Amino acid sequence: MKRLLITGAAGALGRAMRARVADLAEVVRLSDIADLGTAAPHEEIISCDLGDAAAVDRLVEGCDAILHLGGISVEDKFSKILNANLLGLYNLYEAARAHGQPRILFASSNHTVGFYRQDEPVAADAPMRPDGLYGVSKCFGEALARMYFEKFGQETALVRIGSCTEKPTNHRMLSTWMSYDDFAALIACVFRAPMLGCPVVWGISDNDSRWWDNGHAAYLGWRPRDNAERFRAELEVSPGRPEASSPLAVYQGGMFTRDPIFTEE
Amino acid sequence: MKRLLITGAAGALGRAMRARVADLAEVVRLSDIADLGTAAPHEEIISCDLGDAAAVDRLVEGCDAILHLGGISVEDKFSKILNANLLGLYNLYEAARAHGQPRILFASSNHTVGFYRQDEPVAADAPMRPDGLYGVSKCFGEALARMYFEKFGQETALVRIGSCTEKPTNHRMLSTWMSYDDFAALIACVFRAPMLGCPVVWGISDNDSRWWDNGHAAYLGWRPRDNAERFRAELEVSPGRPEASSPLAVYQGGMFTRDPIFTEE
Amino acid sequence: MKRLLITGAAGALGRAMRARVADLAEVVRLSDIADLGTAAPHEEIISCDLGDAAAVDRLVEGCDAILHLGGISVEDKFSKILNANLLGLYNLYEAARAHGQPRILFASSNHTVGFYRQDEPVAADAPMRPDGLYGVSKCFGEALARMYFEKFGQETALVRIGSCTEKPTNHRMLSTWMSYDDFAALIACVFRAPMLGCPVVWGISDNDSRWWDNGHAAYLGWRPRDNAERFRAELEVSPGRPEASSPLAVYQGGMFTRDPIFTEE
Amino acid sequence: MKRLLITGAAGALGRAMRARVADLAEVVRLSDIADLGTAAPHEEIISCDLGDAAAVDRLVEGCDAILHLGGISVEDKFSKILNANLLGLYNLYEAARAHGQPRILFASSNHTVGFYRQDEPVAADAPMRPDGLYGVSKCFGEALARMYFEKFGQETALVRIGSCTEKPTNHRMLSTWMSYDDFAALIACVFRAPMLGCPVVWGISDNDSRWWDNGHAAYLGWRPRDNAERFRAELEVSPGRPEASSPLAVYQGGMFTRDPIFTEE
Amino acid sequence: MKRLLITGAAGALGRAMRARVADLAEVVRLSDIADLGTAAPHEEIISCDLGDAAAVDRLVEGCDAILHLGGISVEDKFSKILNANLLGLYNLYEAARAHGQPRILFASSNHTVGFYRQDEPVAADAPMRPDGLYGVSKCFGEALARMYFEKFGQETALVRIGSCTEKPTNHRMLSTWMSYDDFAALIACVFRAPMLGCPVVWGISDNDSRWWDNGHAAYLGWRPRDNAERFRAELEVSPGRPEASSPLAVYQGGMFTRDPIFTEE
Amino acid sequence: MKRLLITGAAGALGRAMRARVADLAEVVRLSDIADLGTAAPHEEIISCDLGDAAAVDRLVEGCDAILHLGGISVEDKFSKILNANLLGLYNLYEAARAHGQPRILFASSNHTVGFYRQDEPVAADAPMRPDGLYGVSKCFGEALARMYFEKFGQETALVRIGSCTEKPTNHRMLSTWMSYDDFAALIACVFRAPMLGCPVVWGISDNDSRWWDNGHAAYLGWRPRDNAERFRAELEVSPGRPEASSPLAVYQGGMFTRDPIFTEE
């Protein structure tokens, strides 16, 4: 690839991927509204508000792949979600349509299905059950991506990230954790696949404990290598096992199912 | 019921329902941004832009049921859809949450699944395949309604309206048509059901030709009586049968699948 | 048929069927532990406790069809259910095995699936979710019948009766009601079918409101004719519509889901 | 339509349809290897062996619709089935490909699924379980039609005819019977549909007793009107009810499941 | 855990687990009607007939987890199964309800589905097909457990044990075998899970040959490590490969499908 | 086994298996119309045209297992496919029926489902979607085998071979490749299984990238060991990655979906 765009590159996930995906493209274009530090020789840095259509258009121009990590990634006020995750995503897809339809990996979320119980396996094509406004915005995003695929042929991987962090920090993450390395490997698979289509992919490592199965997307050839299980003993000590009735133990979305609607001021 | 709110009451569908649902409540509150004429004795008329949160809050106060027909109902510029169908719907659900969670009938659309072929039956829980920005906004609406149901207990009927018109005007509508009387009967079923939940209901009459089945929602006791078939002979004459390769004959969403993305100016 | 045995013939359902199925066999043998009145010319009356293996053996001898309505039909102490519905059913199937395997219609119950919600359609092969000890005993009965079918070829119709009464008396019964005439017609279908197998059949009339579908058992040729809908207006007046949160409105098993475990004294 | 070709027009089914479909096209071209009598003014008669590629090519030329009833329609020697149903069908599809791909209604058969039991509903997309060489040839035919659809866009209705006769003559036909009028109505639906695709359609009337459901093909708008049930009483007298263990009562394919492989001499 | 109760602790399986689960609780309470030998320092031994409600109540008091291996575990007279597996299980669940609802692992059995063929994969929620009175009693047990879960929140793991033995001793056990170590690991998973619910778990090792898949229960984090395959060569020598038509080769329940009903004397 | 017949033994696949399966039987009978070289001491060589019934009968006599690799294995003229794959297969099954029904492994093909897209997982019981006349002939073969199984008890493994070659030579084969060793191991499993039935088995190695899952056939105990992934880097260099729109990237059948119908001269 010539140029890979990473949006949301200043976030925790963006920073973790910045190094790991460097070899996927000749140039990596990094974007965020937060500070991105200094560009390495193979990097370009562009500050961009996703809600600004013209800026997004310029951002996408010249890229042949997009790792879209940008936008609001937790529950927040609807006005902020509206700008970044609804309007912002529309801007991104319009820009992609204008500039040769570079392939997109869209960071969707397990919070699209957060109200399923943890003892229910969820198929990738099961009805969505979002657990908050953030989750609803990701449902919107998947629907938008699907429409651009069917109508215009735009390919997107809809990666429903579980918990992509340095390591799991509670029992729920024994099931939802995806290691940085496994995510980086998935990114490579998504951009190397001769034909991508518009699949849902569950973003988790090869955890002993799990609710989701990627059998339907095995054509991508992704085999995650890490396993949250090696952290179990440590988590039993701290933070300890949640109560059986805690949202952390009951719902796939965990504590998000308890988040209130944030007040606009 | 004491007071039923009808949004979008000045539209074609709103006007057709205005008379037909008069006996469902003591007072019918009608709302739109367009002119609604003179209020009958049992009616209240309130002009309201759905994008105005405070106005929507006042609109919903005091109602114990909402027939939500408002918003953009065809493909349009994203800015307009954003205001009425995304922000507007959020405003409506927040207002409902603030005022006792009156039951809602949400006018969703077959354009949430418009890219299924006409020879594919579509289950109510099948993955959505919207055919444009309008369809995407209805996917958002269904996701939002579902979230308010799971999180707060807000009940909504997600009625995926086919074509609710005086009579069918092309071959596709032999399958998608819902008569005004059948819709009125459905509205009555939705508001009388002891428990509603948050079901998807296909909004079609008892047409000989059909792609959708409401067996999963038979607990509502709705049995449509009309049948588009009686208009077939007339439609064969005019406008005549579509070509086999026309979107009108191929896709459930018909010509919407061909709509371009509307340009913002 | 030469001789049809009806167990539980003194119960409300037994009495209603006694007249209606008279023409299905030359002789109708009636059994119960309660008084059965005087035998008509084509009738035989035999008092029998289902828990008494020898008595059941004599009861079944000479019959070529069994309408098994006997046993406990509501929530009760486990000791009583154990005797009549567990031991009693075993006795019945052993007697049938000893005497030529007369075809059996087993009065199973919707309480085998009582914990499904009323907005969930339940397939005949869905996992059972009994709502009390009575429901559990019917799960046992279906499993026992199935085993005798697979192991010995004993045919049984597992009729999950909704509410078989003179007329519906609450909103839940708008969905669960089976008229006496429709049940009598089903009995005729079961005993006339050249091959019966061991199907689950939902025992309901052709109600507008329903949760169950008999499409899988259409080979029996049963088309119920009655419809609880004609009683809706009357039920809206009295007893009136249940609260949305009442078990009567939420669960298929209705109030049974609230029954306590009965204490043995 | 300008010209409708009926193959196998001299068979019982062909003769029954010859009159009933006269108004579907300006000219009806009739073909068979047996005598077809005198052509009516709107008819053309052409004798043709389906195994003769050149003859079939001439037969199809100029037709814009084909009702393919020709070929062997019962169990027979493989050499005969090979010629008419395998080679003959290939010839027909090649001829159609050469001449503008006229739409085809292919008379497939319930014997593609004859080994399902009569108490098992069979979905249109369930694996085939043919009951003899004849049934296998129809599986071949459906596969061939499907391939021409996917590869070349050739549309075909795969009508799995149950028993299309004047009236049912045994108990199995209470479930499999399709009246001549209902078949004629189906033919009209198949040729009038703006888009046909390549659906499986179960060829049965609206019988009370049935194993198959056409819900997946409701887009064709076919609603059969007849019901074999009105013949039940008569069939109970003669030929009488089959034994429970008779193939007539056990398998959907009935006695075909017992047919031997016919010996070539 | 403070105190773990093991019923049926004197049986082969109980003895094998007695040592392996010692570290799961501070105290292990062992119960059986057969002799249990001498209690180790961390053990309590209580003789108990499961059919005796008062004794079972005392047995359960003070325990916070129950490994229920007790009851009849092979085909037997119904009177014995009735006492231990029907009445006994009811007694156990009533005692659990009275004493804080300790989590239960219920030793269910593959004989709940014994009449499935060995070439049919069986989903955990597939209809039960028990192969004898023993299997029927396990169907009862699963239904009872499910009811206590839905009605009272009692959690149970329904472990359908294949063949839990030292090593496989015939070809069928190449598919059904669960090693003692794998079972002990499963027990640990069941009691450590923050939320258990009421899942069906197939009790088998990671055998190359298998009919069942535990994907639906992967949230428990159990990964069995043993594999019956390493015994294949040995089994080919002795006892040798079964005939293709032997129940050992045909049915999942193996020879149980041939067991007669045991005679009461 | 006493004698294993390999048809098509002179083809690439036949030659690769000839050595690998030598230890499965005392005698290996090799057949083809092409030259088979010199027979080893444990081998018999018989030249045979599958279209010649008498010759096939003699070929099969005395064999207790058949590895049927014979017939046309690529797209070709229908006359050739008719002789070898339709008539030839019928001859083979008739011969097997006449000679004790030796178990058969039938080399079916992924081209029975070639028109599924590469991003669609295909279940073994999904409707067939052949991609040419060759694929249609394999659909015929599977239907024929199924019929002989149901009617006469003839067991066959329907192995839908992906690409069984020395190593993968293009990107599509990263998903379809089966190594020779894995196929040899599958052959051993098929012939050693106490009960085989008539399963579909996907013939692929344990590739990272895959579209098919053999979970339904895990009772055979086959665990392939090879993985096409180790060839990916090499294939990226040559022949390089296919275009996203190439049949090689889009359809499971790859370039076969583009093959024309071959002309008979």
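As written, the chain order gives the labels A, B, C, D, E and F, with residue 1 at the start of each chain.
Everything that follows uses one rule, which is that a residue touches a chain if its C-beta (ideal position, glycine included) is under 8 Å from a C-beta of that chain, and two chains touch if they have at least 3 such contacts.
Note that the structure is predicted; figures quoted are calculated from it, not measured.
Asker: Taking a step as a move to a touching chain, how many steps at least join subunit A to subunit D?
Answerer: Minimal hop count between subunit A and subunit D: 2.
Asker: Pick the pair with more C-beta contacts: B-D or C-E?
Answerer: Contact tally favours C-E.
Asker: Could you report, rounded to a multiple of 5°, the rotation needed to superpose subunit B's C-alpha atoms on subunit C?
Answerer: The C-alpha superposition of subunit B onto subunit C needs 120 degrees.
Asker: Please identify which of E-F, A-B or C-E repeats the interface of A-F; the criterion is that more than half of the contact pairs agree.
Answerer: The same interface as A-F is formed by E-F.
Asker: Please report how many Å separate the Cα centroid of subunit D from that of subunit F, as a whole number.
Answerer: The separation of the two C-alpha centroids amounts to 32 Å.
Asker: Nearest whole angstrom, what separates the Cα centre of subunit C from the Cα centre of subunit D?
Answerer: 41
Asker: Pick one for the touching-chains graph, please: line, ring, star, complete, other.
Answerer: Per interface graph, the chains form some other shape.
Asker: Which chains are in touch, pair by pair?
Answerer: A-B, A-E, A-F, B-C, B-D, C-D, C-E, D-F, E-F
Asker: Per the contact definition, I'd like the list of subunit E residues that touch subunit F in the complex.
Answerer: It comes out as residues 117-119, 121, 171, 174-175, 207-211, 213, 229, 232, 241-244, 246, 248-250.
Asker: Okay, in this complex, where on subunit C does subunit E touch?
Answerer: 53, 78, 82, 86-87, 90, 94, 97, 112, 115, 125-133, 135-136, 139-140, 143-144, 146-147, 150-151, 257, 261, 264
Asker: Once bound in the complex, which stretches of subunit D touch subunit B?
Answerer: Checking each residue of subunit D against subunit B gives 155, 192, 194-197, 199, 215-223.
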